[in-house]
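Presented sequentially are two complexes of chain A, the first with chain B as partner and the second with chain C.
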Partner chain A sequence: MSEGGAFSRPGARFDRILGAVVWLAAGGIAAVLIWITGDTLQRGLSEVDIAFLTTEPTDAGRRGGIVSVVVSTLMILAVTLTAAVPLALGTAVFLADVSARWSAAAAVVRWSLDVLAAVPSIVFGLFGNALFCVVLGLGYSILSGGLTLACMVLPVMIRTAEQALRSVPAELRMNAAALGLRRTARLWHIEFPAAVPGMAAGLVLGIGRALAETAALIFTAGYATRMPTSVMDSGRALSVHVYELAMNVPMGDRRAAATATILMILVLCITSAASSLLHRRRIFRRSEA
Partner chain B sequence: MTAAAISTVTLFVVVLFLIREAFPALTSPGLHRFLTDESWHPLSNRFRMTPMAAATAATTLGALVLAVPVGVASAVFVRFYAPAAAGRAFRGLLELMAGIPSVVFGLWGLLVLVPLLAGHGHSGQHLLAAICVLALMILPVVALSAAAALNAVPESLLVAAAALGLSRPSVALRIALPAARRGIAAGILLALSRALGETMAVVMVAGNVVQFPDSLTRPVRTLTGNLALELGYAGPAHRSVLFASALMLMLAAAVSVSLARVVEGRPDE
Partner chain C sequence: MQRVPCLIWMSAAVVLTAMTGCHQERTIAAAAGDAGSGTVRGELTITGSSTMAPLVAEIARRFMARHPAVRIDVQSGGSGKGIQDVRSGIADIGMSSRALQAVESDLEVFPVAVDGVALIVHRSNPVSELTPEQVVAIFTGKIRNWSAIGGPDQPISVVHKAEGRATLEVFLTHFQLRNPDVRPDVIVGDNEHAVRTVAGAPGAIGYVSIGTATADVQSGVPIRLLPLDGIPADCEAVAAGRFPMSRPLILVVRHDRRPLTDVFLRFCRSEQVDDIITAQYFVPAAR
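So, the complex of A and B:
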């Protein structure tokens, strides 16, 4: 569609006008994106060095580094993945494979996941605070924060894993069934291996979401900057550290930008990993077809 | 099967806990107090929420007004005007933008945008700043879903239109956009639920004063921002009121995402 020559002459001027408008819109978006990332990197990179990554924060984060914050973030992520991955895989298998005979149930599951994906993250924070911190008595802890995030990332993980399973060619499935494989064996030996790249993309997207999250963590994982010794300790995630430094620590914005730089680099690596995994799946599918 | 049940139950547990925590506020002061109290002074039991609800509405609508035209225009760019490589690169850029953490948008807003917007008698932390930051955050949602909807329009339709002598802008605006309207509308509703629920970036640039948003340069506090600012020190009655407002936010998000699915029609499976 991109060759203007395929179209008749009278629209040529209007074509140029609309072309200018849409190029401007796209260019504007690209420019702002470069502005945001460029500015944050420029402010942050000069503060980042080995010491910043290996020492604990002091003076409310104005001095020292972020190592305890990084460790807390990784521990929260580990809790999130431990809780969310098995659930996500099971649900995806249900939606992709079993649900043909349970279409009403599948519709309910899908709707509830859609709604869950749209729930504001601060609302997850309040929920996590009420359930994990208060009712289950876990207090402000890495465990509470990780479990709250697990609820939050479930929908995106399930959706991507389901799509991955669905895109496994039907012939593979049928051949396996014709050879007399049981459903579990078929899932384990045929469908899972074939769907691995897509499911990995879902995992990576979930990690990206969890890393970027702030609002769900301030009332669940808390904001202690000490080095955590167990999942029952309160721990501050990178994103919470950025928020605290920018909003509640006078003169904290240089360190906030430095932490945001680290956070952004992590998230960008993860996002591009996810899209390259999804891309690989597409190639895989084409060669199978 | 069990896993699917647990995943589904998650939603109901979330709703249940919100209701449980909000229950005292919904019964004893009563919902009407959120509208009729004279002000928001939770420490002295005054719970008027209308200014914050209005601020949430104003930031959300403002962000949509800015983001929808630009997002849809950029989707037309990807489908009809961009050279193949540029279109792919631009889409990658949008995906990256969608992944940027909201605190990074907030930090940029606070350090760059707010000083730019500061003027006589106001610090730059106000409604307009919140609208701008929110608009940037929902742009990728609008643009990517509009691009997907335009891509789903059958090629034959566009070729036929071109064969009838329609120019490229006519094909784009009169054939493709109307054919993709359901997908675009669904994307806008998703963006709406995003804007409604965004918290940290808004808290960082909105100024957070509880007052009606009657001017673009007025500091405002949204419902989500209020949760982030006050839950930490809330006593029992106050906490319950905050959970009631969380419940309302959740309902609004649920309605808008359900509407999005209805508008989109059955997803092809």
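So, the complex of A and C:
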């Protein structure tokens, strides 16, 4: 086990090489992150000021700000979470808890989720466009976009929530059953609080995926940069704005970098807020119990 | 405590429903006004070419500023999607950055602008015109020195556009080149980048949107636009549709369209939007 003892063994060199490789891999990941963040911030931060955050885009995004785009993004995210979180929790409880007697049904649900998770986002976009925009008549709207994203983030949310529920120690469940707690009470008071950190991870992954999405939103939430007044309005998400400025607007590169900066900051704020909120609740509950 | 999440979702649902309700009322009001007095009101949905979307979105913004009771949503997605959406009635107007095919003759076409692409060289370069064969040879790396085509003894530096740029597609299509066959020395992003690169290298050749290049020439940037097939690369030739390396930016509509659509189409084809078209580096179509 000790370093000195390992020196004499024939595998010592191999150990050290392996150690170096592991360090290199970890360092490489950190370097890529720093490079991407640094490059975006360096090109974007100089364009960011109060006016950029408080005005609507003009001249195809080359001038003005992004306030309406930020508002649209937050509204899309709100719709996504409103639709996805209850569905994800319900399905996760079914898979982790209820489905013991319905293993065939659970297998079908799991298989569907795995397939859904593998579907490229552009396919979700075309599906969302066909279902929400055309068949259900919602048109290009924040509602269509949010619901499409909900379909997209469901697999990751459900799978992580299921894993979190499964990893709750069996003794907790048994104790609750021994005390005569009803099933719903057991879920609310024992299993959900214990599973919250795992579920928070799923929520954060889902939020991250939703905020990063471009392809699925171009065909559903759309492209309008006007300030949305309801979820039935079309609204451009930040990621779509970045894509648009970088690809279709001549000389939009600087504003694309600035928008990407805001998007990164937003993702960071929302995900850290979400996870810290959920973690605090868990601690509170523990002390309560 | 356990009721809190439940309450949050319920209130969210209530808010969503309320928002939806508001919107429907407004739509109905707009529709009612449409049939009424002479003021322009109503809603328009425009989808299609991602090249045109920024341009039409800006035109729509000005139109809405003049007619506050009108709401226009411009959506991107590609020329094919625009044409398809107009056919199926999802969109009132489609945007297309290619001419319609014969099977698409059920739609009416309104040219708004033209996107012309010209070859540019440094102003000091004495070569006055290149044949298509020479252009292909230069961009595929078969000719590497200006002396081979009657110029000074100077190596040619090929300035090429990055993948996905609209001008790249126009250029490749016109010269029937495949992108992997091109041997670029420099790859640039937007038009301004290409102009700056060529202006800084006397041996360089590139291609850019004619609107950008002529504006830069007027402001004294040392580049020169090469004529193509004997036709000078200027905005007049592009506007008239005579310049060979160009593509039309058109709006397509159905025959059974609403009056508001016609009002907007007239606006798009009027002098009132020339400055917007020029600002997006296109050339207004001949009227």
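Convention: the second predicted complex is superposed on the first by the 235 of 289 C-alpha atoms of A that agree within 3 Å, B and C clash if a C-alpha of one lies under 4 Å from a C-alpha of the other, contacts with A are read in each partner's own complex, and residues count from 1 in each chain.
By our rule, contacts are C-beta pairs under 8 Å (C-beta built on N, C-alpha and C of every residue); 3 or more make two chains touch, one makes a residue touch a chain.
For clarity, every value in this text was computed on a predicted model and none was experimentally measured.
Between chain B and chain C, B touches the greater number of residues of chain A. Of the two partner chains, chain C is the only one touched by A:140; chain B is not.
When the shared chain is aligned, no partner comes close enough to touch A:195: not chain B, not chain C.
Within the superposed three-chain model, A:90 lies in touch with chain B and out of touch with chain C [touch as defined at top]. Of the two partner chains placed by superposition, only chain B is touched by A:114; chain C is not. Contacts of A:262 after superposition on the shared chain: neither chain B nor chain C is touched. After overlaying the two complexes on the shared chain, residue contacts for A:61 are found with chain C alone; chain B is out of touch. Once the two complexes are overlaid on the shared chain, A:253 sits against chain B and chain C alike. Using the contact criterion defined above for the overlaid structures, shared-chain residue A:29 touches chain B, although it does not reach chain C. Contacts of A:154 after superposition: chain B is touched, whereas chain C is not reached.
Overlap of the chain B and chain C interfaces on chain A: residues 86, 218-219, 247, 253.
Note for the complex: chain C touches chain A at residues 1-2, 9, 12-13, 16, 19-20, 22-24, 45, 50-51, 53-55, 57-58, 61, 73-77, 88, 90, 164, 166, 189-192, 209, 212, 279-281. By the touch rule above, chain A contacts chain C in their complex via residues 58-61, 78-79, 82, 85-86, 133-134, 139-140, 143, 188-189, 218-219, 222-225, 229-234, 244, 247-251, 253, 285, 288. Only residues 1-4, 6-8, 10-14, 17-18, 20-21, 69-70, 73-74, 76-84, 90, 92-97, 99-108, 110-112, 136, 139, 143, 158, 162, 165-173, 190, 193, 196-200, 203-204, 224, 227-228, 231-232, 242-243, 246, 249-250, 253-254, 256-258, 261, 269 of chain B touch chain A when the two sit together in their complex.
Those residues of chain A that touch chain B in the complex are listed here as 1-2, 4, 6-8, 10-12, 14-15, 17-19, 21-26, 28-30, 32-33, 35-37, 39-40, 43, 86-91, 93-95, 98, 105, 108-109, 111-127, 129-131, 135, 151, 154, 158, 166, 208, 211-215, 218-219, 239, 242-243, 246-247, 253, 256-257, 260, 263-264, 267-268, 270-272, 275.
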